[in-house]
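Comments concern the structure below.
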Amino acid sequence: MAETFLTYNALGSFLVRLMQIGTLHGPTLNDLGVLSFNPVTSPDLLQLNYQRTLLPPKKYLLPPQSPILHYAPTEGYTPAKTPGDEILLFGLHPCDLAGIAYLDRVFLDDRPDPLYASRRERLVLVGISCESDEYCFCGDVGVCPTAAAVPFDLFLSRQDSGFRIRTGSRRGEEIISWAADIVGTAGAETRPAEAAETARRICHAVGKRRMFEGSTLWDDFAGRCLSCGACSLCCPTCYCVDVREYGAIDGQTGERVQEWDNCLFKAHGEIAGGINFRKTRQERFHYRFLHKYYGFGPLRDVISCVGCGRCRAVCPVGIDLLELFGEEPA
Amino acid sequence: MNRPVIAFAGLTACSGCQLTLLNCEEELPQLAEMFDFAYFPMGRSENDDCCSLEVSFVEGAVSTPGDLEILLNLRSRSRLLVGIGTCALWGGIAAMKNHQPRLELTEAVYGNFANAVKTFPPGPLSRFVTVDFAVPGCPPETNQVMQVLASLLHGTLPVFPGYPVCTECRNRENLCLLIEKNELCLGPLIQSGCNARCPAVSVACEGCRGPATEANVAAEIDLLVEKGFSREEINSRLRRFYPEWDNGQRY
Amino acid sequence: MIETPVPAVILAMKPLAPDILFFSLQLDTGTVSSNFSFVPGQFLQISAAGAGEAPFSPVNLPGDDGVIELCIRKAGHVTAKLHTLQTGDYVHVRGPFGNGFPVKQMEGQDLFLLAGGLGIVPLHSLLSYLVMHRQRFGAITFMYGAKEPSALFLRQELQDMACTGNIKFMVTVEFAPEDETGKTSCNIGLLPDLLQGAIITAERSYAAVCGPPALYKCLVGELKTLGFKEERILLSLERRMKCGLGRCAHCAVGQDLCCIDGPVFPYSALKGIEGAL
């Protein structure tokens, strides 16, 4: 399908049209100044020139806490139900789409999870291009070498007078055809996109299997880290979860819940009897670095840093794993 | 089904933790059905001082000979002893001034009668008896108290996460008062479980739940000093609910 | 493989030590016939309703009869609940998960099974398999070490299997109280010491090891001294697998996942990985 063009003037009507299709969610700013993905009742509430939300769209696919099994004496364990309505998730930056691409590989391809699949099924992804700031590096959709292929139903690339719209799925094409009276055909106007220097440096260092073993940064990180968990919670690709079970006050039924975990927590490497395979914070940072940049399990050798910059932005003590790559000779 | 026979008792404290249970108004009929509250001076007029107990829930710090007597009595009658609230767990508010001489403190309150007051520096239950489980908080969260009761009916005790308040705070997408507002927030050091109740309404974490599993106290103090807070102010805030921080603890 | 926990009734329980119970469970026949086959060294997730789930390797080789045998040490909230259950009560089972011992690869080879403490569990299961298919394997030596004689679990069963299966069986303990006759009832020494007297053709032998983490470090060195290649030293690792399906990322060892790539790893795959042993 040919690319289409949406002028800035027509954006409002386009968003209203999207709201007629399903529940529209997108980046909003609350009274306290926190940017987060939320349902919107009016297109005016959407922040289109935002830098990054606090939590990534991961929260729609793998919520911070979610029931996975229900127990009752008569039925035994039964899988948790998932909500079904379609959500149009508007305004996803390329890094966040890359995050979803990574989670899709984990939970749709390699280790199929019905709960994830049902949540993913109901999402319509509408991406939007953005500008890098001092924390992030992805450049633009499809150009970042750490995250080349990303999923989207629609992607809006900002140009001088409006957005060039790309469709990435049949659903995307349907939406554009429903909005045919609002969008026009794309002209020649394009802005060139290129990957940021940081992404190239990461790929270069990873290609040489650099682990920065001798760096003094490990001790520095370990000494400062507050073990608050923010870096993982806010990471679009971190998917470690802990599992707990809570019995109900009826003394009969119960619920098994999974919730986000963090490899920098002391308990992450513990086994029965309190034996810990990653006792020190240094070891936990090594582990985090290995998993972020070299991958693990079926996604070995897949970089899972999508360059969103959240881990640096939300760290109370300003720890940035990317500083390690600064030690790589250019 | 056997109803577990349980006790709810208070030592030196404000009774707020026991009130937490009484505030579970919707669940009270079911609780009364599921448990035999054999000893609960705050909730009933007739109490059994002698029966064997499945579990005793004890609120408060130990600071008088009377406290100790109640505690030892309950401990010797109970299969499990659960401390509820920060005073029972860490000493809490009552232990805030433990670094000052006891007589000085009693004199400040009771003047010439200070010597007649039989108290000692308030301490947590674990200083005197074996504590099987603890529910932190000032007061504890009702859902955690309910989880303990529910787990007992299922033949176990719950597992509360050991991570700090920050984790829950981020999950709720609150504004970070430490980063964005430079406030004296103790979130990184404090045991979660409250779902970041205070930061969610823009009030910095005061530390009422005591230390998280792995508190990097030294780094938090460095950070707060860097933000311009005096060590005196930081120490005073830290000591409000838990008197025994090791300010040099980093790992 | 069973993904959602299915019920299994407790047929029998018996104490092996003050904090360890032996469980015999029975899956219902429908479950067994549909999708349940098992390699020794794999693990199951056992649920105690209202408390949660924890991974265990069976002691036996669960077969068509749907009987699963477990040894469970009371160490946390799930195992505490399991210890309160009684014959006739139900637990729930998922699995099996993981790779298990590479039994096909081990065929025609001499085998050294080295168990420390409760590490006996998966090796007991492996030994059952080896005895069942005895003619496919070369010489088999089973070495079992524990703190004291009373902590040598399943000793009689192992002894019986060793006799019927022509298996060299040796036990050792760190210390032993004298019995009424004034004699100790066991060899006293450490597990690696037993290896020193063994006759080993390392190039056609596999060593399979399971025990507490401290054991691995000293045994690996000992086995290498005896000429074992690193890929012929098989270690069964313990991790807190939460899902068993590679989704929770809780059991990662370096870039591997213990629940999918393990829990049995050749030492060559673990060498140099921080936090592996």
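Per-chain residue numbering starts at 1, and chain names A, B and C are given in the order in which the chains are listed.
Keep in mind that, in the parts below, a contact is a pair of C-beta atoms (placed from the backbone, for glycine too) under 8 Å apart; a residue touches a chain by one contact, two chains touch by 3 or more.
What you see is a predicted model, and the numbers here were worked out from it, not measured in a lab.
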item	value
Pairwise touch network: line, ring, star, complete, or other	complete
A-B or B-C, whichever has more C-beta pairs in contact	A-B
Length of the line joining the C-alpha centres of subunit B and subunit C, rounded to whole Å	42
Gap in Å, rounded to a whole number, between the CA centres of subunit B and subunit A	37
Multi-chain contact sites of subunit C, meaning residues that touch two or more partners	49-52
Set of subunit A residues in contact with two or more other chains	242, 244, 246-248, 254
Subunit B residues counted as touching two or more neighbouring chains	150-151, 153-154, 156, 158-159
Complex contacts: residues of subunit B adjacent to subunit C	150-151, 153-159
Sites on subunit A touched by subunit B in the complex	32-34, 36, 54-55, 64-65, 222-230, 233-234, 242, 244, 246-251, 254, 259-260, 262, 265-267, 280-281, 314, 316-317
Interfacial residue positions of subunit B with respect to subunit A in the complex	1, 27, 30-31, 34, 146-147, 149-151, 153-154, 156, 158-159, 161-164, 166-167, 170-171, 173-176, 178-180, 187-189, 202, 212-216, 219-220, 222-223, 250-251
Contacting residues of subunit C [partner subunit B, same complex]	48-52, 77-78, 80-81, 84
Complex contact set, residues of subunit C against subunit A	4-7, 47, 49-54, 73, 75-76, 79, 92, 212-213, 238-240, 242-243, 245-250, 252-257, 260-261, 274-276
